[in-house]
Each structure stands twice: as structure tokens, then as C-alpha cells.
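Quick heads-up: structures coming right below.
One chain, chain A, appears in both complexes that follow, with chain B as partner in the first and chain C in the second.
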Partner chain A sequence: MAQTTVAAPAERKPKKPKRSQFSGMSKALVRRETISAYLFLLPSLVFFIGFVVVPMVICVVYSFMEYSMKGIEGFAGFDNYIRMFQDKTFIRSFWNTVFIVVVAVPTVTAFSLWVSSAIYKMKAFTRSFFRCVFYLPVVTGTVAVTVVWKWIFNAYYGILNQVAGTTGFDWLGNEKTAIWCIIMILFTTSIGQPIVLYVAALGNVDKSLIEAAEVDGATNFQVFWKIKWPQIMPTTLYILVITTINSFQCFALIQLLTSGGPNSSTTTIMYYIFDMVYKFNDFGYANAMGVILALIIAVFSALQFRITKSN
Partner chain B sequence: MKKFLALLLALCMIFSLAACGGSTESAAPESSAPSSTAPEGDTVDLVLWTYPVGTLADNLDGVIAAFNEVHPEINISYELLDYQNGDTKVTSAIQGGTAPDLIFEGPERLVGNWGRNGLMVDLADLWAEDAAGDISTGVAEASQLDGAYYMYPLSVTAHSMAINYEAFEAAGALQYIDEETRTWTTDDFVAAMAAVRDAIDAGTINVITPGIVYCGAQGGDQGTRALVNNLYSGYFTQEDGTAYTADSEENIKALELLKTMVDDGSLDANLSFAAADELQAFANQTCAVTFCWNYSNYVSYAEQTQFTPFVMAFPSDDGVPELEMGMYGFGIFDNGDDAKVEAAKEFIRFVCNDADTAAECIRYTGFFPVHSDMGDVYEGTDEAELKEPFALMSTYLGRFYNLTDGWTEQCALWWPMLQQIFSGTDIQTAVTDYVTQANANIG
Partner chain C sequence: MKSKLSGGSVGYKIFTVIVLILLALFFIFPLYWIVTGSFKDAIAISSRTPVWFPTQFVLDNYEKLFARPALRWLLNTVVMAVSAMLLTCLTASLAGYALAKKRFYGRGILFTIIICAMALPKQVIVIPLLQEMRTLGLADTLLAVILPTVGWPFGVFLMKQFSETIPTEILEAARVDGAGEIRTFATIVFPMIKPGVGALAIFTFVNSWNDYFLQLIMLTSKEKLTISVGIAQMQGEMSSDFGLIMAGATLAAIPIVAVFIAFQKYFTQGISMGAVKG
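For the complex of A and B:
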């Protein structure tokens, strides 16, 4: 699973008295500071523009083109977008994607919080051990993880069938179970980072508040809900956003395990885009789907920001 | 001082990132030929990509070294692709303007896809040089499109199937095959698979399922296609290539038979297996037949197979199989550099037409020469006896239909259609839907 490299948000800090950023500085000094800051930013900015902004703009432009292996063959207007909503496979892939997100994101977040709550008070060695264990699937290559799972799910000699006594059952070849298999693997590869973040966030919760609440007779649940939860909310928001993006962009697992089958039951928008580019060479249509996927992710992320901020 | 250090750090970051960016240029392929000693101005650098065909890629260092003895001015670096991700890599390279100069694969891609899209160089001059004219018409036709030759072939084979001889023997199923001609009729196939199933049920043989119709991905789709086409002598396309005909009466009947066999347990349909999984299952003795066999696969799985993989033609109602041809050769991407094109043609001449090198390279691919005057390249080698049944399969080659327009797209539609059929969709509906979509890509 590709991991985003966005930095974790800073924990909430106590408010300080308002003060001008440049107070006490001469104009020349401010200018020199600004130039230095921009110089530090420059490498990232160049790469951000070159590898994020420019491709995004090109993607939007190509989405309005008839574009195949032969190159751009003409202006398509909104045809690619209209076609998308008439394409049964796209509609199915949209619902599959939403299903994966709706199941995986809350599960990953809740499970990570539960595990973190259980381990953050443990001794440093034990805590590190558990963090390591849960982080292992993240640092292990997706291909290696997938190959192991493929053996586990194998219909003829897979360990799952041996344990469950369902010899011959094709977990990945059954429409009803294939997507759950994908979600399960996605779950195991997604919980590592949230656990590490939650352990850190819980460790930073103001202990004096907890002690005061306990002295006042607050229950464990009340301590969690009234004191810890508000203080780890920025971390929760970050975890929700990255898990949502990772779930939306789930691709390698599907490519290696099911190729989107059976009967498109595990085809996600991301995988369908890949299909359109590399199997059907329909680049214009794929770009249009990419634009829609980006919009969907943006809407989901905005919703998450809104909901968590309102809390 | 602090500012100076900060500036220095920023510059270091910029240069280190620039160095990272530059690494793509120096991202050396997995291996490369010895450097040329010719003056720098006269050298030509070629990039060759090859799909895995036999052990050719493992032996390219030697081939290139031999070539460099004759042409020290041509440097060739190569990279091995795989069938899982190779197309992705090539498509990305084409779109990024970094396609290789030379590529080794079959006509489906070289001619039917990249050639059709105007990305390849016409190799008509190489074909014209072939004064002996000893390349069969079928191979020549498969190498060209509308008169332009986008492929220069090296070797040819017939895609076949194989059975686990000992399992068939123990199941009493050998009576249904003609061991001399390695053919069987559809009725014999049905009877043989039923016998294997009964032997499994009775515990006579230690195999889990008689055979697996794989339809989890595109890899090895020629196997399931050939199986369907042969069972009742159907064809996959119109002879003139104007339409896909998987919905013909014969093909529908064949799919119905396969569905019946899956239902009665004499075959299994696996919706998550691709050919590589099925081959592994065959090698493990999980199943007793494979529908994706040729000499290259024989070599790949030789160490794992603790039984005799007995090469067979696909079963057909009249006992006369029509096997799908597998042909491999070189194509040149039109990268707009005449010097590279000429250098690439020199390499093709060396590999495909130089008597000694060609014979050696053909043996590396594990297949057979396209030049009839090359005779038996395996004669006198340790492989000669092993090759005989594969050579026999080459006599059953059928019509080559893989250059039909929209071939790449139909490949992506074929296995999902099989998935639909084996998960309960009405056969006629699934096939009609497939043919409609496949035909929409023609023209």
C-alpha cells in the first residue's frame, strides 16, 4: 500500500498572546529571512509543480480529448464524462470503491485507536514491540504480502480452506467473498501507521487533566471521551484522510490478487483507470475517470474535515 | 555565518535532488554488453527489451558479446520484461517518448498493436534480403500488416496442452488418447477427464482436480481460446478478419460442454487463476492437465514436475486439431533516429540470419526455426528427443487470427466473459455481449 508522506499535524498547543511575526526585525532582515525561506522551499516547490500540478492540469486537458495509442485524435468535449455515467463497469467500480472506503476507513481507525489505547501505557520495550508488529505489513513489499495472502486463499491448498474446512472454495474467485478478501488485506496493511500515530498522540495527552478528572470520579469512558478524544482529534482527522485516500487508491492488491474480477466485483475506479490505459489504450477516457476520482476524494476529505472540525 | 550555511544547505538539497532526477538517465538496464572500443563519434547505443521467451534473455550477454566482435561500434543494453507488467511498461515508455529501440516479442504486439498504431519501423528491406525465401507464407503473413513488415521472426511454436501421464495411466484414461499422434477427440477428452475425476474420487490418484479452466486474468488466454475453438472445430474470427465469431454455433456448443464438465466435476473453473497459477498447479499435481503448454513452459517447470508431462494437442470433434501459432521475433520502434534503426537491423540480421547464431538463439527460445532451410536445430543435442513431440505439435498449426483489429481489447474481454459463464450467466448472453464489444473495436 502506498503511504502518503504528509507530515502528521502538530498537537494542539496552548494559546499564546498575539504577536507580530516580524516584530523587532528590520526590513532588510525580514527580506533576507524571506529569501532564505523561499530557497528552502524551492526544491520541494519545483518537484511539486513538476510532478503534481503539471500532471494534474494535463490530466484535466486530456480528459476532454480523444486520445489513444496513436496520439490525440481530436477534441471530445464532454463525451468522456458522459460515457462514464453510461458505463456499467464504471458504475460498478464506483460502488466497489465506495464500499471499500466505507468499510475500511472506520474499521482501520477504530481498530488502530483500540490497539493504541491498549499499548500506549505499556513499558517502552513492549510498546515498541507491538508497534513493530503492526507496522511490519506496511514496510513489507506489497507484492510479498500479496503472494502470501494468495497462498492463504488458494482454493486447492490454501491454509484458510484447511482451517475452515472448506476445501475447494475459491475465496478470490467468488463474487461475494473476493471484495472482503481485498478489504481484509487492505486492513492489515493500513493499520500500522495509524497505530504509531495514535500511540504518539495518546502519549501527548495532558496527564494533569486526566488525573484531575480521575480525582473528580470520572469513569474510564468519560476520561477517554471528554479528555483524550478531543486532544487526539487532529490525529484522527489526519488518519481518516490518509486512510480514505489509500483506500480510494487501492490498486496493487487488486492487480495482483483478482485483476478486478470475478465479474468486476473487485474492480475499483483506480483499477478501471489502469485497465483503460494499459489494456484498452483509451487514454482520454482514463483521464476523465482520474478527474472524477480526484473530485470524489476531495469531497470525502472535505466532509471529513467538516465533521471532525464541527466536533 | 548561519545564513551562509542555510544557503549552502539549500543548494546542496537542490543539487542532490537534481542528481536524483538525473538517475533515470543512468538507470542502467539489468545488464549490458561490453563497452565498445570504437571512437565515441561512431558508436550507436541501442536499448533492447525482451519478453521472457525460453532462456534467450539469460543468454543475451553472450549473444551481444558475439555481435560486438563483428560490430564493436554498436552498444546494446537490454532489459527483461514480464508478461504481467511488460505491456504497462512499454505503453508508459511509448507515451513518455522513451520506447526502446528494439523489442523481442510476438506479432500480436509487434504487428497487431504497435505496428497498427504506426509506432514501428517497416522491415520490408530485411525481408527482401531473405533471398532464400524459405520462411513459410503463414509466418510471413503474420509478420506484416497491409504490406508493411513490422516483425522479423526468429522462431515459431505451437501452443498445446499437456497431461500428467502417470495420473492418466493410473486412472485408466490413456485409452482415450492417441499416444502416437498425441491427439484425441472431444468425446475421448470428456471420457478421459471423467475417468480422472472418478480416480480422484476413489483415491486412486493423488490429484485434487482433473483440470482447471483458468479465467482469473489475461495471461495464457491462448490456452482457453484454443480449447474452446477446437472442441467443435469453431473459429475465433472471420477468415477475412472482419469480425470475432466466438458466438458461432460451434463455440457456444464448446462453452456449454465445458460448463457441463465443470458442473459434473470432470473439470474445475477457477475464477482467480491465471495461466501461471494453473501451470504451477499442474507442476504440483494439483490438476492432471494443463491448457497452457509449450517447450518454454516445459523448461520452466522441469525441475518441479515429478511426473511425465505428456504433450497433447487440444481435443477436437473430428480429431484434427488446429493449434494456435506462437511466433517470436524482433521489431524496431520508430524513434526517429536512422542510425539506430540501421544498427538495430544489423543486430536482427546477426541474430536471425547468421546460421550459427540463429540456431543457437532458436535453441534458447526453445522453439523451432522459421527458416525451413535451417533444418533441425536440435539435431545431435541433448534436447533432440524432448523436442520431438513439440515439433509434432507444429504440424497441427491452424489459422493465425491474432492480427485481427481490436485484438488487444478483445484479450481484455475474453477472460471476464469466461468468468461470467462459470459463475452462472447465460452462455449465449455472455458470449453475445463479448462479441459485440470485441467487434466494436474493429476498424
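For the complex of A and C:
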């Protein structure tokens, strides 16, 4: 029976350790179930291993290779990693990326929470109308959204200058404003999913608790802070993590709007990785930056997990 | 005191509604500007004063657009998104069911790996994927964008969430009755997780349609592009012909927006289910 105690599923209640998932099953049945389970999993695993796990391995392996226009030149050790610390464009793109994340993630989260709190009690039709509207930029697609914004921001033909009366001002060509334009568009394409999630989460908050608190004379603010907020915490955490992952990978907006300029002021890590592959065919350095980006995102996600858990 | 409080909250409510409506207009505006822009003539496009609504609807932009292989790009995009959708639904519903309802060695570790993989930055993987696809001889084919979409583990996770709602007793009853695994899946499991499959289908379709980075990296020849990459390339070549670019953007956006609005219910359900216990 020793082998039946292994592999207690992690997602079951952690309060009861050592309780096997196989309790009450005969050995033959366990074997049959295992074989049939893997047959069910096989098609999916082929794709997952082939096109997620294998590229991950390639990414790590090639990050230690010296690569040029001609292809692999040899083993590079940690050279690609050391190079990042001496590369001014990389450092600049790192800070740009962090800036985008630090501005966008809290704004997106707070704003989507506000919108959701405002719409979740509305009639079903109005609620789904607003939810739909805020999701629209996501569905429209990054490219379509970005090209129209490029026109709106255009110095001469753009409607923004025409309405604001700032004739000829080049929003995307100015080092100070370009990154804010990008953050604004990123914001409009990021709040759709959080709103859907928050509306669902707020709808699931235990109503009897809210009613009891209201009978006791709690203010709206107290009801929100003491009852709703703790209950929607898992959703908040999920939203923080997905928004962080998305913001860190900000790419399409930059490629289409500014190509990283002016003067590298909007180059993000993801854009720089792309540039490295397209301009220099340097898969070694590009993959090393990819590994670092993945690590940074993992650290940020873990931090958010810690902070929200401790609250 | 009471009236003062409710008076204040009425004021706040009006404020909220006004802000929401203004925001809604702001969020709808880009799409409005894309569609109306695509019907504007060259004079309206380059006007120095805002032309809020095209006075003359012209089709010049679309004529220019279809002279490029824009319909070919659209067809490629549909083939890509539909194949990715069907393959994902098939593989993920099988795998999700097994993860939720089967007891087997390696179940816990497999599930943990899937959760961890979902936290990976998707775009980082695309660069080494290009190297892999080149080695396999699949670079610059639609398969290079379809296969990685199917491999992404979110679908398995979503289908596992849905499959957990299947009562185990029903499955046991089927086994006692001597139903084979495939029959159990086809006649009992699949009908029960159908709403989940619907959610996953629409989710995969929209995401695959809009996965610009993957398409950009993998596809290079002009006749193999998707609509997103095609429009982006067009914008690079003739960046000031906004009418033409808006026609392209309309062609890229309208089909997917229509699909989204038609299946909105499934879509929101999929997003919320994916986050539960996430």
C-alpha cells in the first residue's frame, strides 16, 4: 500500500495531509485509471510539451550561446547575461518597462474595481452593455486599436490636436509624452478582463453579511472595506498577476506607434528582444533577455502574492 | 440625517452614471473612428478640422485594400483561428476531464506544472519557438501559429474547472453499466461540459485572431500573412494613407467584434471560470 500514499493532489484541502487520492481503489483499478487518464491527456500533452516546454528549454540553452548573422558561433557562458548590465539600451528598456508596469497595474486594478462596483448592481442589460463596451478594445485587436490611435495622435491630421487646439504638437515624437500615450492605450486594452472578473466576484459576495452590516448601521465605505474587499481578494490577486504579466510584455503598441523611440524613450524589454532578433539575428542575447524577463515577472508575481496574502 | 445621507448617495449615483457614459463614449470612439474613417475620402481624411461624420461615403479605400491580398489575409486568419479553436477544444476537453475526474500517478505534479506554465510570459516563448519552427520547416506556415496556440495550457485548466462539476456518481454508474471510456466521455461527460467548451471555443477564437506577436514573428511572405500583420505592414509602408489603413482595420476588427457580441455570454463565463481558484 506504500505507493498509494504518494501524489496527494495539491489542490485538495491542505488540512488533511497524507490522504491518498486512491483511497478505496484496487491496484488494478488504479492502473487502469492511470493508463486511461494518460491516453486522455496525450493529445494535449503532445502540444504542451512540443510548443511550450521545448521552446522553454531552447530559450535557456540558447541564452548561453554566441549567435550572429551566420548562426551559432559557439558557447558563450554567461556573456549574454553580463552584456545586459553593460548595455545602456537594455538598462533603459528595463526602466521603461518597470515604469509602464508601476503606472499601469495599480491604475488598471483600481479603475476596473471602481467601474465594476458601479455597474455590478445594475440591471442585467445595462451591466452587460458596459462590460461589453470596456471589453471592446481587447476584442478589436491591438493592431486595429493602435493604428487608429496613431491617426488620432498624428500632429497634423490627428483629431486630438484639432480638438485640443495644440496644432502641430507631435505626441508620439516627444520624449516626455510618448510613453504616456502608450500607457493610455495599454490601459484601454487592459481593463476589459479585470472588469469581467470583478463583476463576477462582487456578484458572489455573501449578501447576508452585507445586509447584516447595513442593519448594524455600517456605512457604504465600511461595508466595502470590511466585507467586500476581503472576499474579492483572490480576484484582486489574480488581476494583479495577469495585468503585471501583460504589461511587462508590452510590445505591439510600441512597435506600431513609436518603434521604441524617440531616443529609446519607449523601448521596452520585449521590444528590444524583438529588435535583437530582427536587426541582428542575435538569438543568444535575445533569449538571455527573455530568461531575465521571465524571472523578473516571476519575482513580481511572487511579491504580489506575498503582499496580498499578508494583508 | 437619513435624508442627507441618501441625498448624497443620489448625487454620487448621478456622478457615477455620467462618468460611466463619458468613459463608454471614450471606449467606443476608436472603433467608431476606424469604421467611419474607412469610408472617408482623401479630403476628409487630411482635413485640418475634425470631420465627425463622413459627408460622402466612398469605397475608394476598400478598392485599394482589396487590390492588396487583404481577402487572402482574412481567409488565412479565419483558417488559423478556426483550426486553433477546434484543436484546442478537442485536446483540452479530453485532458481537462482526465485531470478533474481521474485518479492517477502524477496528477498533482502535472497540475502544478500547468499552473506554473500559465504564469510564463507567452511572448518570451515565441522567440525560441521561431527557432524550433525553422528547424521543423514550419516557419512561415499557418501551422506555426496554430500549433503553439493549441499547446498553451489555459484551455486544459479551464476545462478542468468545468469538469469538476460532473458528479462522480454518474461516471461510476456508467462504468458499472459497462460503458467504455470513450463512450462515457462522448455521451456523458461532453454534453455536461458543453457550456465550458463553448466558452473555451470563443475565447480561443478571439485570442488566436488577435495574437499579433506570434503571427508577426512566424509569418513573413505576403500571401501567408494574417489580417493583423498585413495591416501592420501596410501601415509601415504607407503610414499617412489613413483611409486605407482604417479600411484594413475595419476588415480586421468587424468580424471578430461581431463574433464577440454574438457569443458574449459564453465569453464572460469563460473568463470568470478561468479565474476561480486561479
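The definition used in the following text is that the second predicted complex is superposed on the first by the 266 of 311 C-alpha atoms of A that agree within 3 Å, B and C clash if a C-alpha of one lies under 4 Å from a C-alpha of the other, contacts with A are read in each partner's own complex, and residues count from 1 in each chain.
Rule of thumb we're sticking to: contacts are C-beta pairs under 8 Å (C-beta built on N, C-alpha and C of every residue); 3 or more make two chains touch, one makes a residue touch a chain.
The shown structure was predicted, so the numbers you read here are calculated from the model rather than taken from an experiment.
In the superposed model, A:40 makes contact with both chain B and chain C. Of the two partner chains placed by superposition, only chain B is touched by A:279; chain C is not. Contact with neither chain B nor chain C is seen for A:116 once the two complexes are overlaid on the shared chain. Shared-chain residue A:257: touches chain B; no touch with chain C. In the superposition on chain A, contact of A:97 is made with neither chain B nor chain C. By the touch criterion defined above, A:173 lies against chain B but remains apart from chain C after alignment on the C-alpha atoms of chain A.
When chain A is checked against chain B and against chain C, the one touching more of its residues turns out to be C. Looking at the shared chain after the overlay, A:155 reaches chain B, while chain C stays out of its contact range. Legend: residue contacts after superposition of the two complexes on their common chain; A:130 is shown touching chain C, with no touch to chain B. Overlap of the chain B and chain C interfaces on chain A: residues 36, 39-40, 43, 47, 156-157, 274, 277, 283. Chain B meets chain A in the complex at residues 3, 6-7, 9-10, 13-14, 17, 87-88, 91, 94-95, 113-114, 117-119, 208-209, 215-218, 268, 270-274, 281, 284, 286, 408-409, 411-412, 415-416, 419-420, 423, 425. Residue ranges on chain A touching chain C, taken from their complex, read 6-11, 21-22, 25, 30, 33-34, 36-41, 43-45, 47-56, 58-59, 62, 115, 118-119, 128, 130-145, 147-152, 154, 156-157, 159, 162-163, 188, 193, 196-197, 200, 220, 234-235, 238, 241, 245, 248-249, 251-252, 255-256, 270, 273-274, 277, 283, 286-287, 290-291, 293-294, 297-298, 301. Those residues of chain A lying in contact with chain B across their complex are 32, 36, 39-40, 42-43, 46-47, 68-70, 153, 155-157, 168, 170-175, 178, 257-259, 261-264, 274-275, 277-281, 283. Across the complex, chain A is touched by residues 9, 16, 20, 23-24, 26-28, 30-31, 33-34, 37, 45-50, 87, 90-92, 94-95, 97-99, 102-112, 114, 117, 119-132, 147-148, 150-153, 156, 181, 185, 206, 209-210, 212-213, 216-217, 228-229, 231-232, 235, 239-240, 242, 245-246, 248-250, 252-253, 256-257, 260-261, 264, 268, 271-272, 275, 277-278 of chain C.
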